[in-house]
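Common to both upcoming complexes is subunit A, partnered first by subunit B, then by subunit C.
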Partner chain A sequence: MAASESSRYLARSLPRAFVPTVRPQGLCLRRNVSGQTAPADLNELESATSLASMASSDAVKSFDPIARSSQRKKQLPRSRYQFRSPKYDRGPLHPHQPPPPSDPSSRLYIPGPFSLPRVEQTYQSTVASDILTLCYVHNPPGFKPPPKAARLRSWDDSSPYHKNRPLRGPRGGDVLRLLRKPINFNNVPKLERITIHSYIKQAAQENSSWLHVAGMAVQAITNAKVETFKSKTSVATWSIVPGRDTVAVKAELRGEDMLHFFGKLVDVVLPRIKDWEGVKGSSGDSSGNITFGLEPENVALFPEIEVNYDMYPPKMIPGCHITVHTSAKTDKDARLLLSAMGIPFYGKIVN
Partner chain B sequence: MSFSLPLRHSAISAARVQTSTTFICSQCRHATLLRRPKRPYTFTQLITLSDGSTFTHRTTSPAPVYRSTRDTRNSLLWNPSSSKLMNVEEDEAGRLAAFRAKFGRGWDAKTPTEEESSKTPEQMDQKAEAAARAAAEEEEDDNLLDLISSFGQEEEQPSGKKN
Partner chain C sequence: MRSLSPILASLANALKIPLSSAPTRPSITQLSNELLKKPARTFTTTNPLLKRKTNAPRGDRRVTLIRYFLWHPLTPRPLRFSRTRFLRHWTIHRAWQLHQAQQRNARELELQRQWQAMNAACEELRTGAGDGGKLFRKSMNKRAVFTDLFPIEYGRLQTEGPSQEGWNHEWKRMVK
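Now for the complex of A and B:
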């Protein structure tokens, strides 16, 4: 009875929202310690809600975070612990391991992408579906493809020495070509990377300034840092010795950089080349990578080089080879992709 | 016992070979410096093509706008069917057309000229010729359509015979 009395007081002192109205009071037979609070304690509770804003007006007026931060001489310390990647990779057995390059705290982390390139939008909206349609092969229901022979032939056991030998290579050459699977919605060919490579023979014959200029030019047109390479072969007429002379510059583009480069190459640079027929139809390494070359005067047509053409010594602007690596397995598919993206081909098309 | 002798010989020779070439294979693992990748600063540039269409791209060039005079929109290689970009010959008197009508071949006769649009009574016979040519082309198209529509019919016919 005492419990029910106190709960009645509780109901009166609390706001209506807190009162449990679902359960009738008389039927409650359970007794809780929390229910036995003296009503005198409840009177000490504040009547006003704490959720209402209570800030005084002068405090509001003096609050000026921009002025405070500009007055500050030093930067504030970091509020939290920040992981710093080790500067050196000390091997897989070292206890202090650097994080993977995809981790933003890694020293090798490259942020991005920051934009959705036009080439990517075109590819997603039109090119991919077009290729999928063009490469569609209809098989009626119940169709079974004829069984193909194994790519690696087995030895006929005409000789006892054939036992435990590895399988023979394909007929007519030792090269095992890539296997072309039928093109589906999930393996539509796309651009994977673009390699821009330029071989500068004068870097070995004269001085390294040729290499520096070529590196700067390639970096300007690609938005990527270039790598330099030493020659592997000796060219006697150019007095190039393998392993001694640094003669080549290469930039490898992936992702956003690649798409921006491809877009500007196709839309701006290639149409301005004088008497350009297109990419030769026989180019390609028969596994879906197409290469074509640009002369030095064509490289000078890039808007980045044109905008400060005076920076480069005009003789030293390099020509370059551009290799477009696609995920297509054959040159035919790669050529289909590239011609859909705007690169014209001429001459005999070799697949 | 007969084969123990050559075995020993080979073992001795192998030992000699090993001693002659001192191949030092001690593990050596220096720490490799993890260099931060250097990326050139890039700007956003607006490219205006010759027909007025624009798009932005990231580039090392600091110029905010690039206007191109020659691009895919007005070069013949990308627009092979555009009559604007082809050099159309000026043939006021119709003499070139007449020559072509007399001596021209199929590929030559199809060359578009400026006077095709303008109609003059002198060129009525040429018009008739053009109509005949168009009819011939249509026939070709029909033949091609026949070829397409007859595809796969040959397989059905023998089956019909069987039935």
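Now for the complex of A and C:
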């Protein structure tokens, strides 16, 4: 014990680089012993279930919980100490810390998942390996890619004022784009999140009912709470003043909600849009996020709004912009992923 | 009858105290009984919004309902479990995480296996096919991959079984 204590202090006093780590650093897949469960060891467990009751039958017959509770003068106290998660974050040094979000007593706890979405099953069974095959580039063993020039250029020291300047931006503009690594089994692009954004100019021109109906419609189709935003820009023709008018709602979807939304979009809504050619080939922010818009009559095609169409004022159903954020680093990879998942593209493909 | 000061008289009038010849101080019980005899407000179940005059400006009823449900508090209080229920929950949670990790590992290993098989096949095509690497060069051609993308017939979410109609033999690809 004492030896282990001293070694712990020794390890703490050493710089970080010298301390031996338990896990090898270069391993891409982590495997734990606890993950390798062997089903043969289950005979150590008790065979009888612990949930079965062993009360005698006449005690069970005479037990009348309704009569007992009506005889009781006041409510029973709770059986155990109940932990309450702190309502506000008071910093890491406060003694009352919130539990991890997986704990049901946490305020961030979300139960689920309750389903295995079709989008996820399709992606895992077919799309991932097909994209991996399509993007495969063979390099012979021992191949080393030629070294590339640094993306941030240094200044030529033609002027004494170049000293201590920050490095120059890349050629042809100041935007430092994301690096695209060749796609291999570790970085097959996948869906990360979907953002639904709706700008309602009538919320500033008329009254707030436009915003409320739009928020309700977006909540209905996404199963997520929306955020509202004030306008940042001034649009004189719409009489919109920055900072005064709340004009936009946004919902951000991840995980199960996102996959269900994407499934509804691809299976139900997009095929029923009249004369829709697809998403424009030039769409995208050149870092793997594709945006397209839906008109109000297309938003009304979502099954949640369609079954309940009478409860929305028809002129107030909003149009929206849908941004699909993928883990791809360039638009062409993101487009490949989305076309494999059922979103068509038209026109000239621009990267 | 003894005359009262005007302040006391108005107070007596407001509190409905009979001005007797022998004035007694009003007790609390007497006061409350007096107040209780008169009902403050008749009981009604009518919504005050509905009681309003019909010609008064009233918004769209759908918007009113939408506003009601929009501000309805949605977040319940956190769950509080007793010891055994918490333990049960924790066990199931850990088992589910373990299961998910195993599935994720299996999928990653499967992709890695496929990639390595492709690597071996391409290396064989490059060196051992005996055609000077022509097939290999053809197979590495990525010309239309990022412009033609996947065909739209492929981009379809998989279902458990085929549709009711089975296969539509009349379907033709749309010509632009």
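The rule we apply is simple: the second predicted complex is superposed on the first by the 261 of 351 C-alpha atoms of A that agree within 3 Å, B and C clash if a C-alpha of one lies under 4 Å from a C-alpha of the other, contacts with A are read in each partner's own complex, and residues count from 1 in each chain.
Rule of thumb we're sticking to: a contact is a pair of C-beta atoms (placed from the backbone, for glycine too) under 8 Å apart; a residue touches a chain by one contact, two chains touch by 3 or more.
What you see is a predicted model; the values in this text were computed from it and never measured.
Let's test your reading of the overlay: on subunit A, do subunit B and subunit C clash or fit side by side?
Subunit B and subunit C clash in the superposed model.
Should A:Lys225 be classified as contacting the first partner (subunit B), the second (subunit C), both, or neither?
It touches subunit B and subunit C both.
Pick one for A:Leu176: touches subunit B only (first), subunit C only (second), both, or neither.
In the superposition, A:Leu176 contacts neither subunit B nor subunit C.
Touching A:Leu167 in the superposition: subunit B (first), subunit C (second), both, neither?
In the superposition, A:Leu167 touches no partner, neither subunit B nor subunit C.
With the two structures laid over each other on chain A, which partner does A:Leu116 touch: subunit B (first), subunit C (second), both, or neither?
In the superposition, A:Leu116 contacts neither subunit B nor subunit C.
Looking at subunit A, does subunit B or subunit C touch a larger number of its residues?
Looking at subunit A, the partner in contact with more of its residues is C.
Applying the touch criterion given at the start, work out whether A:Arg107 contacts subunit B, subunit C, both or neither, answering first, second, both or neither.
A:Arg107: touches subunit B and subunit C.
Regarding the shared-chain residue A:Val266, is it in contact with subunit B (first), subunit C (second), both, or neither?
Touch partners of A:Val266: subunit B and subunit C.
In the superposed arrangement, does A:Gly342 touch subunit B (first), subunit C (second), both or neither?
Both: A:Gly342 reaches subunit B and subunit C.
Let me test your reading of the model: by the given contact rule, A:Tyr88 touches which partner, first (subunit B), second (subunit C), both or neither?
Only subunit B; A:Tyr88 stays clear of subunit C.
Let me test your reading of the model: by the given contact rule, A:Leu132 touches which partner, first (subunit B), second (subunit C), both or neither?
After superposition on chain A, A:Leu132 lies in contact with subunit C alone.
Clash with subunit B: which of subunit C's stretches 4-12, 94-102 or 166-174?
For subunit C, the listed stretch overlapping subunit B after superposition is 166-174.
For subunit A, give the residues common to its interface with subunit B and its interface with subunit C.
In subunit A, positions 85, 106-107, 118, 219, 225, 263, 266-267, 342, 344 sit in both the subunit B and subunit C interfaces.
Which part of subunit A faces subunit C closely enough to touch in the complex?
29, 31, 34-35, 37, 79-80, 82-85, 102, 104-107, 109, 118-119, 121-122, 124-126, 128-130, 132-138, 140-141, 184-186, 188, 209, 212-213, 215-216, 219, 225, 263, 266-267, 310-313, 316, 332, 335-336, 339-345, 349, 351
Under the stated contact criterion, what part of subunit A meets subunit B in this complex?
85-91, 98, 106-108, 110, 114-115, 117-118, 219-221, 223-225, 256-257, 260, 263-264, 266-268, 271-272, 276-278, 303-304, 307, 342, 344
Where on subunit B does subunit A make contact in their complex?
29, 31-40, 42, 44-45, 47, 49, 55-63, 66, 68, 70-72, 74-75, 77-78
Applying the document's contact rule, which stretches of subunit C touch subunit A when the two form their complex?
Those residues of subunit C that touch subunit A are 59-60, 62-63, 65-67, 69-70, 74, 78-83, 86, 89, 93, 98, 101-102, 105, 107-112, 114-115, 118-119, 122-123, 126, 136, 140, 142, 145-147, 149-150, 152, 154-159.
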